[in-house]
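What follows is one structure encoded as structure tokens, with my remarks underneath.
For clarity, chains are labelled A, B, C, D, E and F in written order, and residue numbers in each chain start from 1.
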Amino acid sequence: MIANSVVIMVVGMAVVFSFLILLVVLMSVLSGVVLKFFPEKEKEAPAPSSAQAEIAAAIAVAYSRS
Amino acid sequence: MGILDTFVELWKSTGIYGFLTLPGVDGWGRLIMIFIGGVLLYLAIKKGFEPLLLVPIGIGCILSNIPFAGIADHVSLVGLASTQGHESVFQIENVAGGFIGMFYDLGITSGLFPLLIFMGVGAMTDFGPLLANPKTFLLGAAAQFGIFIALFGAVLLGKYVPGIDFDLYAAGSIGIIGGADGPTAIYVASRLKPELLGAIAVAAYSYMALVPIIQPPIMKALTSKEERQIKMEQLRHVTKTEKIIFPLVVLGACILLLPSATPLIGALMFGNLAKECGVTDRLSDTMQNALMNIVTIMLGLAVGSKMSADKFLNLNTLGILVLGLVAFSIGTAAGVLLAKLMNKVSKHPINPLIGAAGVSAVPMAARVANKVGQEANPHNYLLMHAMGPNVAGVIGSAVAAGVLLAIVPLLG
Amino acid sequence: MGILDTFVELWKSTGIYGFLTLPGVDGWGRLIMIFIGGVLLYLAIKKGFEPLLLVPIGIGCILSNIPFAGIADHVSLVGLASTQGHESVFQIENVAGGFIGMFYDLGITSGLFPLLIFMGVGAMTDFGPLLANPKTFLLGAAAQFGIFIALFGAVLLGKYVPGIDFDLYAAGSIGIIGGADGPTAIYVASRLKPELLGAIAVAAYSYMALVPIIQPPIMKALTSKEERQIKMEQLRHVTKTEKIIFPLVVLGACILLLPSATPLIGALMFGNLAKECGVTDRLSDTMQNALMNIVTIMLGLAVGSKMSADKFLNLNTLGILVLGLVAFSIGTAAGVLLAKLMNKVSKHPINPLIGAAGVSAVPMAARVANKVGQEANPHNYLLMHAMGPNVAGVIGSAVAAGVLLAIVPLLG
Amino acid sequence: MGILDTFVELWKSTGIYGFLTLPGVDGWGRLIMIFIGGVLLYLAIKKGFEPLLLVPIGIGCILSNIPFAGIADHVSLVGLASTQGHESVFQIENVAGGFIGMFYDLGITSGLFPLLIFMGVGAMTDFGPLLANPKTFLLGAAAQFGIFIALFGAVLLGKYVPGIDFDLYAAGSIGIIGGADGPTAIYVASRLKPELLGAIAVAAYSYMALVPIIQPPIMKALTSKEERQIKMEQLRHVTKTEKIIFPLVVLGACILLLPSATPLIGALMFGNLAKECGVTDRLSDTMQNALMNIVTIMLGLAVGSKMSADKFLNLNTLGILVLGLVAFSIGTAAGVLLAKLMNKVSKHPINPLIGAAGVSAVPMAARVANKVGQEANPHNYLLMHAMGPNVAGVIGSAVAAGVLLAIVPLLG
Amino acid sequence: MIANSVVIMVVGMAVVFSFLILLVVLMSVLSGVVLKFFPEKEKEAPAPSSAQAEIAAAIAVAYSRS
Amino acid sequence: MIANSVVIMVVGMAVVFSFLILLVVLMSVLSGVVLKFFPEKEKEAPAPSSAQAEIAAAIAVAYSRS
């Protein structure tokens, strides 16, 4: 059983490393492809929520009137 | 029956009577386990040890050890069975058993609850820091070394220490504590060695809570102050498209290479896809909140129910606690050491402290890396850098779990 | 088959055909039960009778009594059964039965749904007012007197009234209506006498809704205006530590003395601990909201499904309604009378009206005590004082439930 | 076993090995199905095709087709069976099978999940526009014509096209795609022909997403520009009382005439009553959110699990896709044509475009009617007018489902 | 089976139409009854929520002060 | 069975009262211990929520400017 546990250790670490190295490679390649061919459009700042808008309006009114 | 006789019968149904008269661990053992459940509550509530899990586990432990109450009894279907040809029909008229037993039988033995939790974890996880610096995947791989060392240690203990009885299934279940990931540990233990589930889950969550105490000495011992001061380059922005592709790539690789890990990885990546795709926010929100909380309550109670005196009050539990600590420590060390090695090889500087975050224990281990880094250099913010190995460690331990599920039955 | 024949066959599957041609109560009886379901909806929606429960119960009653639809049919598992050694395997290929029948079989007969509701009740209950004035525990004990008087009454009716058929199990289930606590009543009835569950649940929730009508005359008859005007001392502040210790103390006492009540008390106190401990707000919130609402829907429908004509349209139901009213009234009276007695003995003034809140029916009964008090003295705010006995009544009836579950099977 | 042997064994458990060596569709077929699952995800995420359903269905399809992972395996109960007299007891010790298989076996074959979704749909639906103009019920009836034409077409295909194999049960299940209502389609298919469930659900949700593409050409072909410009009178205010009475009236009519539709109509109207009655907002909110989302996740995964290669990769699926499109088109046309007819007869003007909304596909079809109307007259707001037939179509297809469930087993 | 599918079509559409026509009739009658005998009371506009109220208060203060 | 129901009544009320009296005693003692040895620290008032803070800011601006 000790031999078997060594087998598991070797196989296990080999698989974990291989798998994650594969992910490193895959994602590096795919990130390159994405960044080159599907670059993200500039996004506008999201519109402020209605509650914030109303507060802003209140402030604006306060300013303009004063 | 008269009043006095009735009082006597009632007395014979009290917990006091049960603790005193039931044979062996089934009597006073229950009282000890109830006390241990109370200790878990104390640690969870006063010390802040993973309270979302340890409060339900503690209560589950207490309720399941009450004499005569049968709250953790197996589910029994009672009704009419009939068979025609090779098709059978079982008409249920009544479901007996305890309510926590029901959670265990239906939610844990089936693997359902840990998978649903993992789905919620996926919906809560941002893999962005990992994608910005994919090399940190390797740190999430190195930290799994603790799993296999602990497995090896469990086999040794089982062979050489009298009173400890671990076969390869037990060893695999114990090793996975080193994954520092609750649902993964519960899933693996419920598949390989359900008898040890209680002790394993308690060890896993306790050590996750103890990460701020366990990790820093190891991290400091293995690094110089200069290394701990290393500043890393700012992470690049990760696009939405990359974040959507990522869960599918991981799932695809897992399908091709390691189907035994696909229940875990599939659930995790489904949750992550629901979060990142931007068109299923309702589902992602439910996975993270209502569903996750409901399942956490039931899973915690069910895990607690496996803390029965006969399974818990023995040397095995002590062995599990020791090995779990070993697994965490080795995982931490392996992560730090690989980071040191990578720093030597890589042209981009890598602070070796972030290697310790590879054990997962999200986000605690990343915070610890950040904190230890700031002790060396108060202007060094490692948190986002450490999140990369941290979430890689979740994938890493799910992969390790897949390996264990695939080969332990072959060798055991 | 031609068009005309098909229309004829379809006609034979209509509800009208079923009501007219099915034998006895299985035909017209269903129509009456559907009407009664409609009355429950009317009471719930227009009169505000416990709508969260009575709307699902009413719909459950209606749906379950539809001819040929089988919505309350028992669950049947269909698949392949095999046995090897003493282990059997049943591979499910198909689950048949009605969807409300599924809720009943899996959620009520197992006790699961009432316990989950009780967990939510615990997470919503503030035991602070009780802890500030622990003497009011006694009022929550006195009000359980109604339970045992109704049990006695049920045995008498069963013995002397022809057409009423109550054994000791039925009597215990009926008595618990006096606990004025829905989940407790459903839990006990589902364990002792499931056939009566429909009538018992409807009586319990109806009388809880009628508390503002049932209680005041009794309260006024047993107290003088001076007594109703008694002002009580302001309640002291209760610390967080006391609130955390309390659920554990109650659970501990219950473990030592009355394990048969621990499923109920355990669920209640788990919910309360999750609320008070301050580190599991996510779980407490889910217990109170998402989980509680989901279970309420399913439990209500399932309870309604027990209102089938053959079990509901008989003298037993009338007996249950009468005895439920008796139980509420006696419980109210006992609470008030004990409060009067305590007021004579205690050095701190006790307004006897708060004794009536001991029946539980949280928080309605406490509001009624407050309202009747303000009629006598508009400046007298009894609400918080009445919450003490009110929540004590929840514990009291769970304890009474434990006693019934422990000794009815011994004597019955 | 040595390291090399273990690697070989592990290789034999990989997905690659499975795709290459498993026999026939069970091998490469799985890979194709995984690809199709990916296409569904692409359509859902990038094209916005009903993402709340198609993301879980796509993931369900992918996970269920992974070789050796068994994620869609049937549930197996493992434990001790015993029989005493005619009562059997099955004590569960372990639940085996895949987690998605568990959702399918327990939630779909029982009919539970689609009914819970339908309950949530009821809680989200405002029948006000329909009550303000009850004539539009007729448009919701006409649009069901597509169901029966598709059924007829399925029988023809089954008889005359080699490689397509549809019996009357299959034809009924396919026809219901024309109901343009996901839960209804899933409920009917799971009762009549579960083998086709995957293809039917995918067709139903895909065409619902394609409503803005399928419907406008048909609507324009059948109407003149003048007809599309018709302005309708403003809808009257509908009182709360009418909205409360409505679900009960529909349920009552269904009980009297068509019990086979009462599970669907009952769930829908329970949800709607909970919404409208004003005293069960907690329940209505949970039906619409937490419960609906949880069930959507599980239902989507389970439906996806029915997309196995042997059941999906054949001419039947092609036939289903064609017939589903026919059903949608005919339903649209029938709605428009009846609206034209009604416009001729009625004294109140009816814009025939709203007839197309009778297929249901709420609220997409109503929006399409509004949009096509605004193309003809930018100042013409048809949305609320189109909501009437739109929600009538939900009831209409549930009624059609009831007819199919009642008479297909008689004739098939 | 073709004959049967015609039967289903005829019976099905007949039932669907009859059922929904019945609902038209029932709801028309019942709406008449409700509108005549249980007319809805005029409802006041719902009180603005507390957050809105505070914003309004802020605006009002701003106005009055200016 | 009547005798039995009397037994249940006596035993039941005895247990209910004993149990709740025990709780009175236990909680009185424990409350004393807690209040003596673990008195609660004074807590500060919780910080106002961000939305309220912004409203307050708007009001403050309005005031200060006017």
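Before moving on, here are some points about what is shown:
Note that a residue touches a chain if its C-beta (ideal position, glycine included) is under 8 Å from a C-beta of that chain, and two chains touch if they have at least 3 such contacts.
These figures come from a predicted structure and were not determined experimentally.
Homomeric contact chain B/chain D: same residue numbering on both sides for under half of the interface positions. Using CA-based centroids throughout, the chain positioned farthest away from chain D is F. A comparison of the D-E and A-D interfaces places the larger number of contacting C-beta pairs at D-E. Centroid analysis (C-alpha atoms only) places A farthest from chain C.
One simple way to say how far apart two chains are is to compare their mean CA positions; for chain A and chain E this gives 43 Å. Distance between chain B and chain F, defined via averaged C-alpha coordinates, is recorded as 34 Å.
The set of chain E residues touching two or more other chains comprises 4, 7-8, 11, 15, 51, 55, 58, 61-62, 65-66. Across the assembly, chain B contributes 1, 6, 10, 75, 77, 79, 81, 90, 96-97, 257-258, 290, 403, 407, 411 as residues in contact with two or more other chains.
In the complex of the two chains, the chain E residues touching chain C come out as 4, 7-8, 10-11, 14-15.
Remark: chain C residues 131, 134-135, 137-138, 140-142, 144-145, 147-149, 151-152, 154-156, 158-159, 167-168, 171-172, 237-242, 245-246, 249-250, 253-254, 257-258, 392, 395-396, 399-400, 403-404, 407-408, 411-412 touch chain F in the complex. Residues 74-81, 90, 96-97, 105-106, 109-112, 115, 119, 244, 248, 251, 255-260, 262-263, 266-267, 270, 273-274, 277-280, 282-283, 285-287, 290-291, 403, 406-407, 410-411 of chain D are the ones that touch chain C when the two sit in their complex. Residue ranges of chain F in contact with chain C, taken from their complex: 1-2, 4-9, 11-13, 15-17, 19-24, 26-28, 30-31, 34-35, 38-40.
Those residues of chain C whose C-beta lies close enough to touch chain D in the complex are 1, 6, 9-10, 13-16, 18, 34, 38, 41, 44-45, 48, 51-52, 55-56, 59, 62-63, 66-69, 71, 75, 77, 79, 81, 83, 86-99, 102, 289-290, 293-294, 296-297, 301.
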